[in-house]
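Shared between the two complexes below is chain A, which has chain B as its partner in the first and chain C in the second.
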Partner chain A sequence: MASFTPYTYFKCPCTDASIPSRNLGDEQPPETEENSDDDRTFDPRAPRSNYSLYPLEHLLYCEDCHQIRCPRCVLDEIVTWYCPNCLFEVPSSTVKSEGNRCTRSCFQCPICVAPLSVSSLEAPPQGLGAELASQQNGPFVLNCAYCMWSSKEIGIQFEKPNGIFAQLAKIKNGGLPILTAKDRRKDREERKRDFSGSSAAEESQESEAPINLDPNERLDPESQFSNLKAFYQTQMAESSPVSALGFTGDYGYGSPGALSRIMGLYTGGSFADKKSKTKSGTMREARDALEGLQIDPLSSDEAITKLRTEGWESTASAEQRHEQTTHTPFLSDLRPIAYLLRTKRSKRCKTCRHILSKPESKVQTTRFRIRLVALNYIPSITIKPLQPPLPTASPLLAPLKPVQFLLTFKNPLFDSVKVTVATPAKTPGRFPTKVTVLCPQFEVGANTDVWDEALRDNHKSSSLSGEKRRTKAEASEGQHQAEAGKVWERGRNWVSVVVEVVPPSLRIGGSEWLKSEEMKRDSGNVRDGEEVVEIPVFVRVEWEGEVGGEESGLGGGGKEKEVREKRELAYWCVLGLGKVAVD
Partner chain B sequence: MSAPSGPAHRSVANIRSPASGNPGAPASPHTPVRTISSTFGSPSSLRAEEDIVILELGSRYLRAGFAGDAVPKAAIDFGPEEQRRAGDYSRWEVGYVRGRREEKSWGEAHELWRPDLRALDLGLVGDKIDRAIRDAFTKYLLIDSRPRRMSLVIPSALPLPLLSAVLDTLFTNFQPPTISLMSAPVLATVAAGLRSALIVDIGWAETIVTAVYEFREVQCTRSVRATKMFGEAMFKLLADDIDPTRPKRESADKRADADRRHLPSFDECEEIAIRMAWCKLGKRVEARKFSRGLTPVKEEDELKASMRSLDIGGGPDSGSMVSIPLSSTDPPQSLLLPFSKLAEPCESALFAAGTLAEDLDDEELPLHLLVYRSLLQLPVDVRSICMSRIVFIGGGSLIPGLRKRVLDEVASLIDERNWDPVKGKAVDQYRSNPKLQRTKPRQPGPTEILEEQGVMETPTPSAALIEQEYDPIEEQLKKEAAKGKPPVESGHLRAVGSLGAWSGGSLLSQMKVPAISIVEREQWLQHGAAGASKATDINVVTAHRQSMGAGAFKSGDRSSFTLGLWG
Partner chain C sequence: MSKKQPKGEYIETDTGNKVSRRSQIIGTTNIILGGKTVIQAEVIIRGDLLRTYPPSNPSEKQGNTVAVAIGRYCFFSRGCELRPPGKLYKGQFSHYPLKIADHVFVGPSSIIEAALIGSHVNIGASVVVGKFAIIKDYVRILDGSVVPPNMVIPSFSVVAGRPARVVGEIAEGEVDGMDLREVYRGVGNA
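Coming up: the complex of A and B.
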């Protein structure tokens, strides 16, 4: 509430093309009416607008389409994957099999997400020969330097100080070993071999087969999943050998695939379907933990007792649970989190596929090979109050009292641009602000060399500096000096104009005739964000730019100067001016 | 993290033909069946390296990951903090207080959609999904925006407007060549290793009980008693504890806005609900019957209070207290609550304690009654199969003790009512009337399951009720047919753990089991472009509903698509 920094957001034009807002039910008629109207005012407070507004810094600009590109209208391509902790560049072939996580020794604290470090439990060697002891030995633990959590708390210790990921995958919380997926697979194959010796029908023998695995054990999701997968795979293989044996002899087609495809050609597949339906044996269900079936033990007395005796502090918070892959109700269930990898991405325009941004592939560099940011193409807008507020005054805007703000448009282009600014007289929403832009049309000078400016300034200093001086002098006197239709201040590549704003009163229970339409419909309390004065501004920029690379190349070097093209760009902006005091 | 048994994306060869590596396969050696992706497509799998993205959409969360993952890589919620503008970092500012929104109902700002679609902005739903998926892709899945196939796991009763908004968003913003639609209950069955199950999904807005028989949904009942109601009950409990006079004042004037600052926020309530809430052990229904006959509304609250104190006396270790720190209240404080009180939201919201069974509407049945009723409505055979395959999924099922409680209550209901859909005083009188006893055996079939033990006494059976004559040949045939088939678990209550719908989707997609409804991008854009008339444009093909094994064969005709269940 205390301070408020004015801000500007830009609306990417791409959102107009996406799904139109469609309300179901009773509110449909007014909605559709509004949608058909192309010139409707953009409402920054509408819930959908949050998805189309971006700060200028987030936007890119496509030089070929001459259009702003937001994160929604670019295509990503990944340049590299890397671990944000050890900056190791992960080859693309292993990213997936490693589960998008760093498989070295980079872990985050499950309590506070700070990086964990490996340390030895043994005291460092001291005294004589301490320097000779080449390295620490003895059990290692993961330590959090921030919250002092240690993997000892969950009963996990490591033998080696490196390759923690692989070691951790083999230890349960509490120190018991985990059967790895490899072990399970081996066991499964063993059982299968045992099977094949006996007849497949006599499956009652199965109970003898698993020697080392308990058919009633509690599985973690990973192993349950792999057991289920193996089970379904064998089931599917057993239940669909049909097409192979169906007609192979008659037609001489070796491959059942070829056969069924030909059948499918003429009969639309129904024939083969029927065939397979009749012949295939039904699949059965999984019967024990080895096949992925988990009987729910139901009793959670243990958990409830723990909850009762140890209370709130022993439970994991929602955020801590979110980081874990399994359900972890208690702190003692948490496991260190392997760092998620990150990517460097290059961006392409969705329409013309030209590259808009391409970072260096090396992880350590922060440079870009190509970077077409919108900041370099469209004028930026900064806002400040016309009269600097007194330090004692409240930073809030007084309701129903006109305030003037200075909008400064800064042109990054090497051509001068014509800017047209349009605002609704009243902003949409329940508490409309009255807005007047005193000078809605102006030209902003080119972003030429600073020295050009200096030279030119000399030439016609009289007019420009005269104007400047005037404005400076008048600024202190008060608001009357801001003249309609005149630019307030002008520089080399920037122009300031004055906008006058009458903030609304946030009173709910006003007299009936003062209320706006929306207010009458919905007379709830002031909601989050409604006290902020936000003004939608439609900005239209026109300039004459050089024709794009290929065409100018055709035209020849000599004529380049004449081949200039008129360009325009139009977009909505949202200016956040300040908060209104609640009276 | 990823496929536990080797890299998933490379195992195409063994997906369809694990038997080939198995020398002792029961059938004689044969070339393995291959899935043919289109009529003229080559059987060789050119798309082997492409991984399928599995998305599960619920009303609160989006889960995303690759086919072959055991658990989703990303779970993204739709809370108001996620809905800020890009570049609005105010939530990380020091001293940032989360805004209190005025909500029409509890937790509304955190929902992606609500069951009531009136006045729901579909565009906004699309925007939310778009952002969540983008987030998941860039942050957790680490994939670029090349088109890749998607599988969408959605509730089986997703309204068509919502589905169409979801598909529109996916097809226009992510360009997948195809999207397969799969229904959550069936996938939860698959992920439990079963073919039939009674899926009890204790979700956010609704608890949905779906009976799945041989991978088909045969019945679906629902109740509004779910996590949302539970969270609200938790809020009331906390609020009452902070300010005991609140309920009175709130009824006095509706705009108790200033008060709200003293009360915990949604996030904190939810956190307490997931961390501390528990569920009492199942008690016999007598305890609840006690309240019968007291109808006046005013006395209801007192009654409830007295019942609570009774319950506390009966609960395990009523003496222990727990302290819960609250930081979202102004000023921050620490609540000291008796431990047994934390089980109350569960009682009141999910089991409708303190409400007479007669007062309950059809859509607000407590969980045990809902499960019992849906079992009751099933045909006998399906019921006997399903009752020993009850699968609990959804966020609510994680409350400690809840699953046991539901099953205990259902068991006691079965004891009491015995699969008889008729109940009430008149029936009781009728039953207790000795003169009418003779007709008792004429009760309809459903009793069979429980009375197999041989309680059936038929003094003078009518011809229709006489047992079939013993036929030794048929018996032998049956025995022969049953040979090699394991006995099917049925007829008793049993709960089975499932990995959840998302994992089921991942499992099926990895094994290349095609979904009934596969929507292709061009077709959707072509047919779905007509705005409101989308639903009618879709040419619904009679879907081949096959069992999983044989269904792996796609029909060559792909000129039209079906939305399956949702069409």
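Coming up: the complex of A and C.
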């Protein structure tokens, strides 16, 4: 069985308040509802709580609101767009016009999603002076180095090794050219002219003009889309009312036509509209391929024969089809996938709009301009079993046997904090664990420099900081018994306390009077996750922080600067301690 | 992972590198270690895979070529292998240097054939990094992934799967945890 690493998850208070409120000018952070341990204890196993629990690294902290912010209660804003393959920055104007994919030569294999590289089909130069040969200019193909797929398999070759995106847009699978938007427009104009000349031409299959006039021609999706779009635009233009001043259509709130229409709503009758409506026709749907109508053939003989001859292996899987933009039932229909652009985002607090995290806009730099992470504001909690487990012992906890764990609170602030820890005596759920915190209230020192501390108590043989507790040798030195009301060990900016836990027995059967209320109601088998011992812990942190600079400037002058104001923060955590063995 | 080794497990150099006696480092003249790097037992570093031809650059001597360059505070777990990638270029097969930046952790039994690995990268156990892959800074590669050749992994990604895909992002708070100085101090010794 995989070994269990103890975890600590923090609950973001954003899930409690229904409407985020602005707390400008409010010194004390709002109290959370779960102040009392009796009612509304946080249940880590409730389905909703999964969405509010995060490890400490994922949480940010808003300095104005003095609150934790989780990824769900921050607003993201995009700083830069870049391609994850060529790491080339794409300006946001290009993203708006060209779309959110890389338009250079970055593609993913349609079979295995690995990156494709461009190589020449020309044989490498042989013989003397091979390394001095000039650049290849044979036809180029895209190759996958992972699954050995090549764009030759779908019949696509390129003339130039750069700008593959543009070249790919012009070639269909099999090598036939696709018409560009310009060609299609020209095409449409010419066909419209021919059609208006002869009405019978809609039925004819032969082509008189150089371009094929088949009304039922199979259009590729781009052509169909552009034909349909042009058709609907003409329909809208014909059917919308023309107001007195000559504006067609509704241009929003400003046009006189819209104004008269809106005034008409208020006055109850639509005097102005009745006149113009009689002039316009009704909109109709597309009639043939020129206008964008595609009728699916009644029989899918082609697809079936292809499937019969080539078999199941020639069809594309659901994941492969999902990445494609068009309908691709077969592997030979798949096309290389352009890379989706990735973003660098800055995060803002929802309530006070303060920026919490802002990366540099250059793609190559990994620094942050602003980075307010919760790790730098709230004490982190690490869990370790008090008695180091023997290597031969099972990693699971024995049921109904008290086990002691060491919780280490590390304070990142520059002021010392008072921590109060509270847990319900029995964890909520079908198999309650009995929990006792041996020292519920303690003070953790400030995170000052090592040198400050050394200079201050140079005569004391002060215990070294946290590194000491890492080696196993130290654990055996701390032989003293865990006493209630006393901390286990203390360091410069950290404190360890002992928590005693009695894991439950996972037995479903058994005498009625031993069962908890929930067990009596719901006696199914042990569900996934119930064998993990998770204890909800309510932590309240109090410290005296310095008042912000702008407030100290008002009145009083220099004296105000020394005022230290009491601050507190309270939140729920969930400690995952271990898995219980089934007895 | 036990950090208590029997006596004489590591050879410690002047710059603080801790190299296990049971590691297999070939071509040591072509390998550069930045300092405070830990190389555990059974690690293979192929410094013998060099460029086979000096480019038409007359100032470059054969002895100056570097096959593997490693930064500071790196950690190579047992059984992993570092191999410079090679390819057929203009008719000749030659190897290119493997450059690894600072604070890189490589898990046990992984095979690394990348071209460039950035700083603060955490590579899991049994990972295969394909030829000429480029891994930028602050990346976590989960256990068992296979990074295909020529893949570029942008900064702050979490990567997993076969072939490897970007499955998540590194949160701003995790950045401090990828520092390997504490891990280096925890390696007891020799």
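Here is the rule we use: the second predicted complex is superposed on the first by the 417 of 583 C-alpha atoms of A that agree within 3 Å, B and C clash if a C-alpha of one lies under 4 Å from a C-alpha of the other, contacts with A are read in each partner's own complex, and residues count from 1 in each chain.
Just so it is clear, contacts are C-beta pairs under 8 Å (C-beta built on N, C-alpha and C of every residue); 3 or more make two chains touch, one makes a residue touch a chain.
Every value quoted in this text rests on a predicted model; they were computed, and no experiment measured them.
K.L.:
By residue count, which of the two partners contacts chain A more extensively, chain B or chain C?
P.N.:
In the superposed model, B touches more residues of chain A.
K.L.:
Answer with first, second, both or neither: which of chain B and chain C does A:375 touch in the superposed model?
P.N.:
second
K.L.:
Would you sort A:146 into first (chain B), second (chain C), both or neither based on which partner it touches?
P.N.:
In the superposition, A:146 contacts chain C only.
K.L.:
Once the structures are superposed on A, label A:57 by its partner contacts, choosing first (chain B), second (chain C), both or neither.
P.N.:
A:57: touches chain B and chain C.
K.L.:
Contact-wise, after the overlay, does A:84 reach chain B, chain C, both or neither (first, second, both, neither)?
P.N.:
The second partner, chain C, only.
K.L.:
Considering only the touch criterion stated at the top, classify A:117 as touching first (chain B), second (chain C), both, or neither.
P.N.:
Only chain C; A:117 stays clear of chain B.
K.L.:
I'd like to know which partner A:315 touches here: chain B for first, chain C for second, both or neither.
P.N.:
Touch partner of A:315: chain B, not chain C.
K.L.:
So in the superposed three-chain picture, is A:47 touching just chain B, just chain C, both, or none of them (first/second/both/neither)?
P.N.:
A:47 sits against chain B, while chain C stays out of touch.
K.L.:
Scan A:237 for contacts with chain B and chain C and give back first, second, both or neither.
P.N.:
first
K.L.:
Per the contact definition in the header, classify A:155: touching chain B only (first), chain C only (second), both, or neither.
P.N.:
Neither: A:155 stays clear of chain B and chain C.
K.L.:
Find the residues of chain A that appear in the contact set with chain B and again in the contact set with chain C.
P.N.:
Touching chain B in the first complex and chain C in the second, residues 57-58, 71, 342 of chain A appear in both lists.
K.L.:
Using the touch rule from the top, collect the residues of chain C that touch chain A in their complex.
P.N.:
4, 53, 56, 88-92, 130-131, 136-138, 148-152, 154-157, 163, 165-166, 171-174, 176-177, 182, 185-186, 188
K.L.:
Of all residues in chain A, which touch chain C in the complex?
P.N.:
Interface residues on the chain A side: 56-60, 71, 82, 84-87, 112-115, 117, 124-126, 130-133, 144-146, 342, 357, 363, 366, 368, 371, 373-375, 467, 470-472.
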